[in-house]
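Just below sit the structures, each encoded as structure tokens.
Okay, so chain A shows up in both of these, paired with chain B first and chain C after.
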Partner chain A sequence: MMEPELNRSHTIKTIGGLVAVLVGFLILPLFLPLGWLSLVNEMIILALAACGLNLMLGYAGMVSFGPAGLYAVGAYTTALFLYYTEIPFGLALIAGPVSAAIASVIIGWFCVRLTHVYFALLTLAFAQIIHTIVFEWYGFTKGDDGIVDIRVPAFLESITNYYYFSLIIVCICLALMWRIVNSPFGKTLQALRENPERTEFIGINVRLYQLSAFVLSGFFLGAAGSLFCGFNKNVFPNYAHWMKSTEMLVVCLLGGVYNFLGPVVGSIVYILLDKVITSFTQYWPLVLGLVVLALLLFLKGGIAGFISEKVSAGRASWGKGERNV
Partner chain B sequence: MFSVKGITKSFGGLLAVNGVTFHLENGEVSSIIGPNGAGKTTLFNLLTGHIKPDSGEILFKDQDITGLPPHRICRKGIGRSFQRTNIFPRLSVFDNVQVAVMSWERKCRNIFLRARNMNQKETDEILDGVGLGDKKKMTAGLLAHGDQRLLEIGIALGSYPELLLLDEPTAGMSPEESNKTVELIQRLARGRDLTLLFIEHDMNVVFGISEQVRVMHLGSIIAEGSPEEIRANDEVQRIYLAEED
Partner chain C sequence: MTFQGLIIQLLSGISTGMVIFLIAVGLSLVFGTLQVLNLAHASLYMLGAYLCFWISATLSEVTGAFWWALLLAPLGVAIFGGLVEVLLLRRIYDREHLDQYLLTFALILIIGDLCKLAWGVDFNMVPTPWPLNGPVIWGDIIFPRYNLFLILCGPVVFVGLWALIQYTRLGKIIRAMTYNREMANALGTNVPLVYTVVFMLGCWLAGLGGALVSPMSSVMPGMDMVVLIECFIIVVIGGLGSLPGAFLGSLIFGLVNAFGILVAPRLAIAFAFILMIIVLIVRPWGLMGKPE
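Moving on to the complex of A and B:
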């Protein structure tokens, strides 16, 4: 721990910074054209999904190749409820993350029995299974036509209102995740990431904790899917596609997996890059490939990791450094 | 308090541990020696649940713990350190021990409390005990090798074990560090009323602090006794001490 005074000033600075960012997001609709606002909305929902994935990826050290599967479970649950039933929008929205969490219990139960690349491949396989079900079960999910024109309450019809709605949900979810990663459970996950074998010998049931991380992660991925379903008013099988999973992984790596806000930074940069580059060239995937290459070779901690390293190095040169993972 | 009865494990055709039987009294400090490949670490892995024995029985405080998974065995009060340094490298030194203490107090499932200042007193006490109190803010992976070995013991102490198994606690240490560690182990055994069993190669360490020495060779215990008796044992001289030169 640092000296209390310095600690407090550091906390005040952090809170001040967060408030400034939040105010920034709040006033965006005042001057941003609707097209761009839409993009920012996509950005914050992607940030939520990536942060959800990062609970498992960055904190627990479990590399999943199939986060999009759970994201799609959330999106489709909400969409199907709104399409086939008359239940209120709010309930359909909550049903998304809940069913994604339930799906995670089942999928995770199998996946945590494996480690490393086998774990990753099994998560990919499950996501592809979800994709196939959604794609082929035409009578129920409308296959590749997707479910379109999903009803949302009148006050959420406007892009600006839905943006505020997303912002509130994303902030609540991020606050919950912040709480989780700083809890004893969150610390235990980090220990697990560092050394699963040792964690077992301090009395931790490794698989149970990995499964818990998987389910929490699935819950937030599902929440992001649900939220996006309401925003887009359409859902398609490609929500579960491995390309979508890759996108989430790249966002995490781009921002930095060892930093809580890394995936948020990652999603902002990713969406902006996407927007800017696709306006110049149709070869966006090529540029993306180069970005990933540069990232893995030169910026392993991601953008947020790089910044926080510089900041803590700066602080350390004042003789008061503390490194926080 | 701890009895091992006829524990046996083979890998393929190789009989790694062959009918090992011994008994530890409460508060006993003893060691297992033996040439490389004698099956010492395999024995430790059997005792702590890392691998399951083919046959035999392990009793701890009159409870059968044979075949339980490591996390359950740890909860019963058996801690261990590892031959190769086994810590949480990217966490701080403090966090390394704190997480063990939180786990012991069954707080790890809590997802809403703040962990930051939890069990600070207990963690500081353990870190001071192993002499890492002034390095607690450091990232564990950046500690010097000797300090990482001490941290390893600190993590094991975080589970407040009654029986502590130490796998070559002084491996790779300089003679000076080695002496410090021996002192530490002696202090621990006395202060915390621990039963200690360690594997060791350094004969000064073994004969310096053990009350009982057991010699393993080709998976079996071939001799057992006080350090003096073991020194005088002809067979041990032949198969083990001779190898040292």
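Moving on to the complex of A and C:
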């Protein structure tokens, strides 16, 4: 058990650390070249998507193969509204996550009836259906050509401004998720992950909780999709492709699924790896595959899990001397 | 539609179904015994197709090069699979599902890129082997002879596997382990060895499917992904881990595909998906599977 004294200083340290990281992100545009800044922008949007997925994956223990489907619903909703209608950018941006949440209610209603491998396969199937619809409905979604040159407000045209804009939205979403996972609702989800039967015995409606996790997760995935659509100013069917889904899964695993900020760490490392390795070789998938293998076999719990294990081991030995194992 | 058109569509649906049965049944067998959903199963199918292309191109001077390739390519895939099982898969059986998915997903990326490294990114063609080139003409119905051969292969493999599982000692062990793993283990079965053998058998089937497909579609990067999704659909419809289920699922899939193409050419795969979703909701364990 951690003593309250230690606990409080721990909290202060954590908050201090977070503020330092945030300040770091805020001053990045002062010295980073624009190319790198848009890379960081990509990072934080991927981090948002991965954290959204992790609500379901790490906290509720529901392995989804199809997060990209909901991500694409968000992106395409925003893109289609901006393409076909005259509504303001802000509204179109909000419509993305909302429609992704609505889609999640429908998809989730079917999916939470199943467990484990069947749940994973059904989420994959729905994501593939979304991909097929987007790909084949040429008249509406422009199919393979994608929707390009999406209009954004003048003040968001510059990369630096859009970076600040996404940083604010990502921070708000992360704060919301932090509230969610630390609420009684979030704790119930974790109980559910550990033991669904027992959770049901104490009177929890398991399916309802799983569905809620699915919808919340879908909402944040959709938000990431919309944000990315505004950043990239175009959308393509491969947003819903299952390679994209796996990218998100790998990001979560890379960072560590049992750590709130794990996916954030994961996305930073992932995008950097992608950037560095693709500049050396075209065989990025091969390297990525080897990285994943190495992670699975030698670094269980991901990078964030590894660090927090080291930190808490260090703290325990510092506070109480060597612990007997 | 004319009667001839109907027959041709029926035959081509069955032949598609029978090829994919060879691949799906391996996936299902491995899942039934090892409880691991091998996402890289279709990559092994692609490896089989590439090996078949490579061997038959290398041996092009020899008569019956394709038939040698058909014999050797699946064996090569099986040996590769055995290495994967012993070196990698074995370490994560007691881990969570997520870890298993990610390991086999990493294999998709690795095998895909290794094939690109070895054989490039171009389309490769394997000529239809003698004596199966050319069509069969039966009144007004003209149908490729090779596809009739494929229709034959499905049931042969099905019966062979069924006999293996029903009448051999290995089959008994597989059945016992599918039924109750702890009990089989407690009774002194050499579980790791059986796992390796079953995984290699699954890989051999995937390789066989790949080798058989190579004369009728081009061998190229990305051919694995399409088949992987189709295999998922089939094993879910038929029931994961069920041999007759994989057969039935493949037939249904082939036919839905063949006739779906007539109704809406570009949405054929969506029909199969919808079928899969219906099965998952009404009977999540599949048509021939057992409830958990």
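In the analysis below, the second predicted complex is superposed on the first by the 315 of 325 C-alpha atoms of A that agree within 3 Å, B and C clash if a C-alpha of one lies under 4 Å from a C-alpha of the other, contacts with A are read in each partner's own complex, and residues count from 1 in each chain.
Assume a contact is a pair of C-beta atoms (placed from the backbone, for glycine too) under 8 Å apart; a residue touches a chain by one contact, two chains touch by 3 or more.
As the structure is a computational prediction, the values presented were derived from the model and not from experiment.
When the shared chain is aligned, chain C comes close enough to touch A:L296, but chain B does not. Touch criterion met: A:N195 reaches chain B, while chain C stays clear of it. In the overlay built on the shared chain, the residue A:L249 is in contact with chain C alone; chain B does not reach it.
Of the two partner chains placed by the overlay, neither chain B nor chain C lies in contact with A:I87. In the superposition on chain A, contact of A:L124 is made with chain C only, not with chain B. In the superposition on chain A, A:L26 makes contact with neither chain B nor chain C.
Once chain A of one complex is fitted onto chain A of the other, the partner contacts of A:F185 are limited to chain B, with no touch recorded for chain C. Note for the complex: chain B touches chain A at residues 48, 69-71, 74-75, 79-80, 82, 86-92, 95-96, 98-100, 102-104, 107-118, 137, 139, 155-156, 158-159.
Chain contact summary for the complex, chain C toward chain A: residues 31, 37, 88, 91-92, 97-99, 101-103, 105-110, 112-114, 116-117, 225, 229, 232-233, 236, 240, 266-267, 269-270, 273-274, 276-277, 280-281, 284, 292. Put simply, chain A touches chain C in their complex at residues 57, 63, 65, 110, 113-118, 120-122, 124-126, 128-129, 132-133, 136, 242, 246, 249-250, 253, 257, 283, 285-286, 288-290, 292-293, 296-297. Within the complex formed with chain B, the chain A residues making contact are 1, 179-180, 182-188, 190-191, 194-195, 197-206, 209, 216, 258, 322-323, 325.
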